[in-house]
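Both complexes shown next keep subunit A, but they swap its partner, so subunit B is in the first and subunit C is in the second.
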Partner chain A sequence: MNEIVLSTSNLAKSFDGKPALRRLNLEVPRGSICGFLGRNGAGKTTTLKLLSGMMRPDSGEIRMFGDAVKSEAQSIAARRRIAFVSEDKDLYSFMTVDQTIRFTRAFFPAWRLDLEEKYLDLFELPRKKAVPKLSKGMRTQLMLLLAMARGADLPMMDEPTSGLDPAMTEDILRILGDLAATDGTTIFFSSHQLAEVEQICDRVCLIDRGQVVIDGVLDDLKAEYRRILLVFDGEPPRELADLPGIDHLRRHGRTVSLLVHTDVEAALDRAQELGASSVEVRPVTLKELFLDHVRGE
Partner chain B sequence: MNLRVDFSSGVPIYLQLMEQIKHAADSGAIRGGEQLPTIRKIAEELAMNPNTVARAYRELERAGVVEVRHGSGVFVVGPPALSKKTVGIRKAGDALRPAIKQGIALGLSEAELRRVFEDELSRLKDNAAEARRNN
Partner chain C sequence: MLWYKSWLETRWIFVLFVANILMVWLTPLWMPALGFRLPPGVPASRIWLGIHMGSLFTSFFVANALAGSGVNSQNAYGPKPGIDASMLFTLSLPVSRRRLLFVRAGLGALLTSALVFVMAAYTLFQRPGGASAFLAIEYFVRAILCTVAIYAVAVLFSCLLETWWLFMAQSFFWTILLMLQFKFSVVAWLSPLRGMSLISYPLTAPMPWAPLLASVSLAGVCLFASVLVLERKEY
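For the complex of A and B:
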């Protein structure tokens, strides 16, 4: 496995006594594109703010590029290698596109002029226009340009494609893929769009109520998880809940739907012993994984 | 090769790629020695994750379908494609063999066999020329 560039252990944060994150544990290996998923209020933005140093955790640890980020100095060193693209896109309101780029460039010795040019052209950004007059999509593009041209090793993005049309979204996804292919840049981004996550991410991290419920390689998850549909002649037996490797169980009258991972065969055998009259096994999509894990039990 | 991926399917994406490339190799759409698109090219064309493409190639290499030559690319393993001419020569040889065998059985010498072949060839040429004149 690749070197882990970003990880958290037991990260916790409360607001006014209400826990937003509780014991959050995640791992992001170098060169991967990790999609960070969860419902509204699950703790995504809080996590991103903690990771990007905009807030401090109540407890727990963040490690970046192999080192714990504890002191202010460590935090500053780590932040130099990350870039945070936020949802609110807080850019300087009194500058033009050109001025914003020049202003930002001055802070970063490793600035990539070639990337600056490339993305200015690709996005067709109006250089002389004042930033507040840009559309939402253009502001996102400008933020992405700034993040990429500074040569960040770990861009972190909060909903980078929100407000973009499908064609622009596709372009952004292509750029993310290209970045990951080029210099082993690692990308961590939150999203509401399952479709874009399953298209461009090799890893997904799903959080619910301040905790990670799924974290892994998307293709491995698809290979491990199965949906088992059972039909019984009468009332489905209670023992079904004790079947091995069950993540989720739903009953609809005489039908039971199980989300199983690890040891699917054992679960099937047991279901047959319990008298299921019909047994069907199906692959599981990311959407199903998402819905089954974030819905109430 | 026209690769397509159904991202929302429950089938792992690297498996989808593997199956299509395997099928292309089995069906002769791609042949031994032929170079396949780079990881980056496929990732860019399909706007998908490059690590996933790399995984498909890795697994295909393990399965003996492709060979990854570092620095130069990914190549299909297997016998190289025969040229059209080679295929034609083989087919014509297969068709002529029984006629030659029959000639030998009838007691024709090598020189006589050659003369039969030459005569037939020039007759075909004459017929073709006459057909052109009549048109």
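For the complex of A and C:
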């Protein structure tokens, strides 16, 4: 789990002078399923396009499989080992399922015919069916087939379950989970669906306004963070903002909600010194972490 | 497989224009059927001239259409307005953009050239009095170089412009410019088709070497610029 297959260092990208990514630093270890989270416009799709060579960064560095990706030749070498699944799952409208598979197969010498057959059967994709006649779910399945049969070391997916029904979503998540568990494939995917991320990811990276605000192993993050709810008899003291280890603070009248990252005990002691009449400590969910970091105080 | 993909992508445009050029060739057959009659005394050379110019301009439209459905197909639902959505799928493959353009533009150029070749052969076959081998070569060289230059300009514009109407506007502009040669001698002097629209062609039409050389140069510059544009483009 220690080898880093994907990393960015101070990655920056602007559009018309407006920064989309500001010094983005992230690391994805081999074999992990990394959920890439953020609000709309946070920079998720821009990051995925930079990683797959569709855009060039203004500054910063991308490393894939240990090598820097600066030139087009290096990007092509990386693209032999990755698979990019775009949010809209767009394929060629002038091809059939079979033509799409044969076309993609030609670019990947390590193509797995057994996986091609397996997923064609599993997804019940008709070879002769024209791509425009496929539902969005079927297009997603076809793109997953193309990603898996090529033997990609790093499938990168932009909202892979967007627009799918719950049953189809569950199937896709199960397949992704199996892929990482059995083949040791690293999966990097962006999503708005926190429940999905919590279900299959062992690692999360949360970005906001083009910067990483949380990056780590999901279980570790849940263990490290705590919600402290304080109730005061009067106006909550201003000194609460200076408590140790506080990531975010929210006030609702006489109640204060704190998201504490480190030194929970010290924060608790200090809160009681400041006159809290009631103190409650709770574990946090991924949703709480997400909302606290993207909304802030 | 990129050639195969490009063929699947463009085949219907090609077929459509083959049908179009057939319509031009069959003008003498379908015009009378629709009730159109040429006034008595119109020489066969004038009818031939109509077929010849109609074929040439159809070739130019083919060149524009094939180039316009090029690397950035005109589709409003892509990652950016005007960019074909499936472009993201293409770009995610381990292929250089230079190669993508080479194959896409190469196939379009091959199809256009094939059509021009057949068009030239048919037109010369229909010419009253026949055509010598020298005339056939001259005709083909002039038609193909002019078409390739138009094609290369269209490829460049298809890389630069991301909205279909802008692309159509540039096609219209070039068509008008080519037609102006029949009206203004200055434009005609610059045209690789100089003299080809005259009844007396080929007797009074010396080979316009300078415009032909300029056409080749223009095609080269445009294709080189297209590579530069595509390599720097962001999706």
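Note that the second predicted complex is superposed on the first by the 295 of 297 C-alpha atoms of A that agree within 3 Å, B and C clash if a C-alpha of one lies under 4 Å from a C-alpha of the other, contacts with A are read in each partner's own complex, and residues count from 1 in each chain.
By our rule, contacts are C-beta pairs under 8 Å (C-beta built on N, C-alpha and C of every residue); 3 or more make two chains touch, one makes a residue touch a chain.
Predicted model only: the values in this text are computed from it and were never measured.
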**Complete:** So, after the overlay on subunit A, do subunit B and subunit C clash or fit? They fit
**Asked** After superposition on the shared chain, which partner residues are touched by A:Glu170: those of subunit B (first), subunit C (second), both, or neither?
**Response** first
**Asked** Of the two partner chains, subunit B (first) and subunit C (second), which one does A:Leu286 touch, if any: first, second, both, or neither?
**Response** first
**Request:** Classify the contacts of A:Asn10 with the two partner chains as first (subunit B alone), second (subunit C alone), both, or neither.
**Result:** neither
**Message:** For A:Ser135, using the defined touch cut-off, is the partner it touches subunit B, subunit C, both, or neither? Pick first, second, both or neither.
**Reply:** neither
**Message:** According to the stated criteria, A:Ser52 is in contact with first (subunit B), second (subunit C), both, or neither; which is it?
**Reply:** second
**Message:** Looking at A:Ser278 after the superposition, I want to know if it touches subunit B, subunit C, both of them or none. Which is it: first, second, both, neither?
**Reply:** neither
**Fill in**
Shortest Cα gap between subunit B and subunit C in the overlay, whole Å, is 27
**Complete:** The subunit B residues in contact with subunit A across the complex are 7-15, 39-40, 43-44, 47-52, 55
**Request:** Note which residues of subunit A are touching subunit B in the complex, please.
**Result:** 31-33, 170, 173-174, 177-178, 180-181, 194-195, 198-202, 218-220, 222-223, 225, 282-288
**Fill in**
Within their complex, subunit A touches subunit C through residues 49, 52-56, 72-73, 76-77, 79-80, 82-84, 86, 88, 90-95, 99, 102-104, 106-108
**Asked** Which of the residues in subunit C come into contact with subunit A in the complex?
**Response** 1, 4-5, 8-9, 77-79, 85-86, 88-89, 91-97, 231, 234-235
